[in-house]
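In the two assemblies presented below, chain A is common to both, partnered first by chain B and then by chain C.
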Partner chain A sequence: MNLASLIEALRLLVIWDRELAAITFNSLHFAIASTLIAALIGTPIGVVFAFREFRAKRTVVAATHTLMGLPTVVVGLLVFSLLSRSGPLGGLGLMFTPTAVIIGQAVLALPIVVSLVYGGLARLDPELAETLQTLGATRLQRTVKIVREGRIAVVSAILTAFGRVVGEVGTAMMLGGNVRWYTRTITTAIALETQKGAFALSVALGIVLMTVAFGVNFGLNYLVRFRPGNRAI
Partner chain B sequence: MSPAIELRGLRFSYPGTANTEPTQFGGQALLQIESLAAQASEIVVLIGDNGCGKTTLLKLLAGLLIPDGGLVGVHNGPALLVHQRPYLFAESVYANVAWPLRIRRLPRNDVRQRTLAALEQVGLTQLARRWAPSLSGGEKQRAAIARALVLQPQVLLLDEPTSNIDAASIAAVERVLRSQAACGRSVIMSTHNLPSAYRLADRIVPMKEGRLRPVAVNILRGWALDPGDEHIGRFQVCGGPQIFCPAARGQYTTAVVRMDDIILSTGATATSAQNRLQGDVRAVELTAGELARVEIDCGCRLVSTVTHRSVDQLRLRTGSRLWVTFKASAVELY
Partner chain C sequence: MIAKTSMAMTSLLVATLAFSIVPLFAAGRTQRANATRLVLATTTSTENSGLLAELLPPFEARHNAVVDVIAVGTGQALQIGRSGDADVLMVHAPQLERAFVADGYGIKRVYFMYNDFVLLGPAEDPAGVGGTAEVSEAFARIAQARAEFISRGDNSGTHVKEREIWDLAAVDTTGVWYREVGQGMGAVITLANERRAYTLADRGTYLSYIGGVEIGVLYEGDALLFNPYGIIAVNPERHPHVKLELGQALIEHVTSPLGRELIAGYRVGGEQLFFPDND
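Presenting the complex of A and B:
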């Protein structure tokens, strides 16, 4: 990489190049959708882990913790085997589509959300659950309130999961196929463009990715210190 | 009159601990209670060592735990428990107190009126907008009581409401509980704070190793008279006699005399004890073991514990006339 590439990268950013924009949009689209799916499924599971006792809970929790470090290519392989033509869901024709990438990234994000939501909520006062019960809250009302009380932990978990999927390359490459204008993401594009020797777009995308990562981190920091002001009565 | 809350033949043990010895309670063993009831407007105070089962009993009464056997009945409305370290939601005091009404989807005006009324009852109107987790221990306790009161429970259950809070806050919490009882609510609370228990209780219920024990003190309501310069003071029992007590200045409303400090005799023997009252035996209860409980009406109701042998020697029967003697120093003022 040379100075000319860097200047070209900055030019692409300033003019907000069409391809750069499309790739960034794809990345954010896939990451947001997969994180939302993982949050919707994973948060209630984290609540159950934190406040309900059941058989083999320790084993299940330990397994979930382990899955947090799941290699992205393994997830890619797993979902690939399900969605490929010869797989059980091959008939849906989802391979190399945005949906396939979103499914793969959601699988990647799910154990992160469950583990971190569980870890955060388990640290809440154990009397919270009894307080909600004695005040006559329904099961749904209790779950919503617990999530609200542990909102910092829950949002932190979701942002961490987002950070993981937005920067992953394995699943996006294996399930999306890096199809231009369709499934190409920031990470798959950087891998490809760097191999081609086209550093300018790679550097520009790298800067976008770093900006997103910094944004998520600032968000997390803000949340940790966040305390809403008094509301009107 | 039927009680507001009652339990009969209650048995409970935590899962997997059914065979543990009651002495190993520690929150993990057997609770066995034949009967307990609280009437409307009555304040019942559970006292006992850590791990004797007070909190478990309160949770059973609140329906948070399911008994292994027996019956827990709450009449005319819910029984709500306020925990020892109440959990307040991370929002304003007002939002905390309003929450039980909001989840019941009550009209906004009703929520507002009932929430403000509950806050007023516990004296927290001024702090309605405050961030609840930043309140002091006593304020948190009162906010939690208000959050229970918005649901207008017939029975208020409180686990150690006066522990870990300062004296001024204890007085504030006691005022709230007295006013709730005066409104017709039953209050059942546990405490380690004996002065608070004596000041509040209509009935003390001692617990040990998961069982109820007989009460060992007489609690007399009234007011302390100004002792002047004397070393000995006097306490006027409501609707009863004056008794001698240690000299003390202050707003004392309760005198406590241990049952085994009261000496019974058939004649007015000369002793150094200042308190000598004459009365009639109302009941003699021969309890298991060596001791009997003798209830005497001497202008106020006093109970003395004596041995079975003394019951025989003094020929104690219902209607017997007796002298009741106890030292002024045996009287504690609260």
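Presenting the complex of A and C:
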């Protein structure tokens, strides 16, 4: 690393180098797709956790909370063993494709969405669900209304999950294989390309990743702190 | 209000589906229409040295294919082949390769190029390997001096070769001076350079790193350090889904006059990194 690499990095950013763009696109694409999948599956589960009683709820909630810190390489290993040609889903031929990375990152993001949606909604008026039921709302209508009431909690859960997956390297590396133009992401490129002496590209990618991370965090802050009438958090 | 929210939910669903499908049409890449993907699991040296970036494009253009390069150590590449997650392997550990073919996972091992291994270390050469006659003696001196040695430690072709030399030197490598880092060739050269330590490297990768490192070749030339590269198509009898025809075409390409010319012509800083097999 030296001044020349830094200048070259800035040059790559200014001209928006084709490879830099492709890698950034991959990263954002995998993270957005996996976060959306996790949001679609995780939000209803979080609502159920917040407003319904069921057996062993405390244990399930605690387990979900623990899974928020799921090590990325463990998820990589798990999904790898499922998707490999020698695994149960091998017939799909998904190893080392973008889909494999998206699946892995969705698994990573899911407990975060569930846990944070639950945490946010649990603070809403517990009678909300009952009231809605009394008013004759269907289950879907109740869920939609609850999510609307606690939308800031839901959005910040999703943004937090996005922040986690966009910066992770374990599953992206193990499931995507860092294939150039195909599954190479900002994090796998920084991890592996730095070794090859491609410092300039790594620095430029690092700047992009930091910008994304800051953007998401500022967005979160804005939502949580400066929204008037914010009841959810 | 609920209708509005449902619409938001529907758009979310549509967005999710769209983003999940987009990988097929990923923008910003040189994707050929209807190109066939071929997965090549390869040793890190061919990728890190930049050779594949020269060798593969003509093949891709001619066969309307995209080669997905998974750059890992030879041991892991063979494992990926065993699981059926790659179509072709490019590796450099002859014994492991023969076992792979003998077990029925590969069709045939085709030897197509070579270079050699070199022992890298700091110019001060604290273990005094410079004047040794044989590579095993050089290794024995490193152990004797308990000078820091960085080992790939990843069952790669280079690691297998390194273990072979330690065995020949009859040296026990347990000790803090011997560090197995489990990383690719490029990372290990970088690490050894930072630590001013010794390491065994393939010449190709070393030459492509030469500008950035201060450790250099302290020992070379022993016949034991010959480094042949093989290319193997994964056997469809084991894994029926592998793209045998395209895989065979890649093997033909790297052994063709054009392939040999590209290998021989690939230079970094004026130095030739790999030599096509000249049988």
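The rule we apply is simple: the second predicted complex is superposed on the first by the 224 of 233 C-alpha atoms of A that agree within 3 Å, B and C clash if a C-alpha of one lies under 4 Å from a C-alpha of the other, contacts with A are read in each partner's own complex, and residues count from 1 in each chain.
Keep in mind that, in the parts below, a residue touches a chain if its C-beta (ideal position, glycine included) is under 8 Å from a C-beta of that chain, and two chains touch if they have at least 3 such contacts.
Model, not experiment: these values are computed from the prediction.
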item	value
Which superposed partner A:S86 touches (first chain B, second chain C, both, neither)	second
First (chain B), second (chain C), both or neither touched by A:F96	second
Touching partner for A:Q141 - first (chain B), second (chain C), both, neither	both
Touching partner for A:V179 - first (chain B), second (chain C), both, neither	second
If touched residues of chain A are counted for chain B and for chain C, the larger one	C
Which superposed partner A:A39 touches (first chain B, second chain C, both, neither)	second
Touching partner for A:E149 - first (chain B), second (chain C), both, neither	first
First (chain B), second (chain C), both or neither touched by A:F218	neither
Partner chain(s) touched by A:E127 [first = chain B, second = chain C, both, neither]	first
Contact residues common to both interfaces of chain A (with chain B and with chain C)	141, 145, 148
Contact set on chain C toward chain A in their complex	1-2, 5-6, 9, 12-13, 15-16, 19-20, 22-23, 26-31, 39, 48, 66, 68-71, 82-85, 183-184, 186-187, 190, 208-209, 211-212, 239, 241
Chain A partner contacts - residues on chain B that touch it in the complex	59, 62-64, 78, 80-81, 83, 85-87, 89-92, 94-95, 99-100, 103-104, 112, 128-131, 147-148, 151
In the complex, chain A residues that touch chain B	125, 127-128, 130-131, 133-138, 141, 145, 148-149, 227-228, 230-231, 233
Complex interface listing, chain A residues touching chain C	18, 21-22, 25-26, 29, 32-33, 36-37, 39-40, 84-86, 90-91, 93, 95-99, 102, 141, 144-145, 147-148, 177-183, 192, 195-197
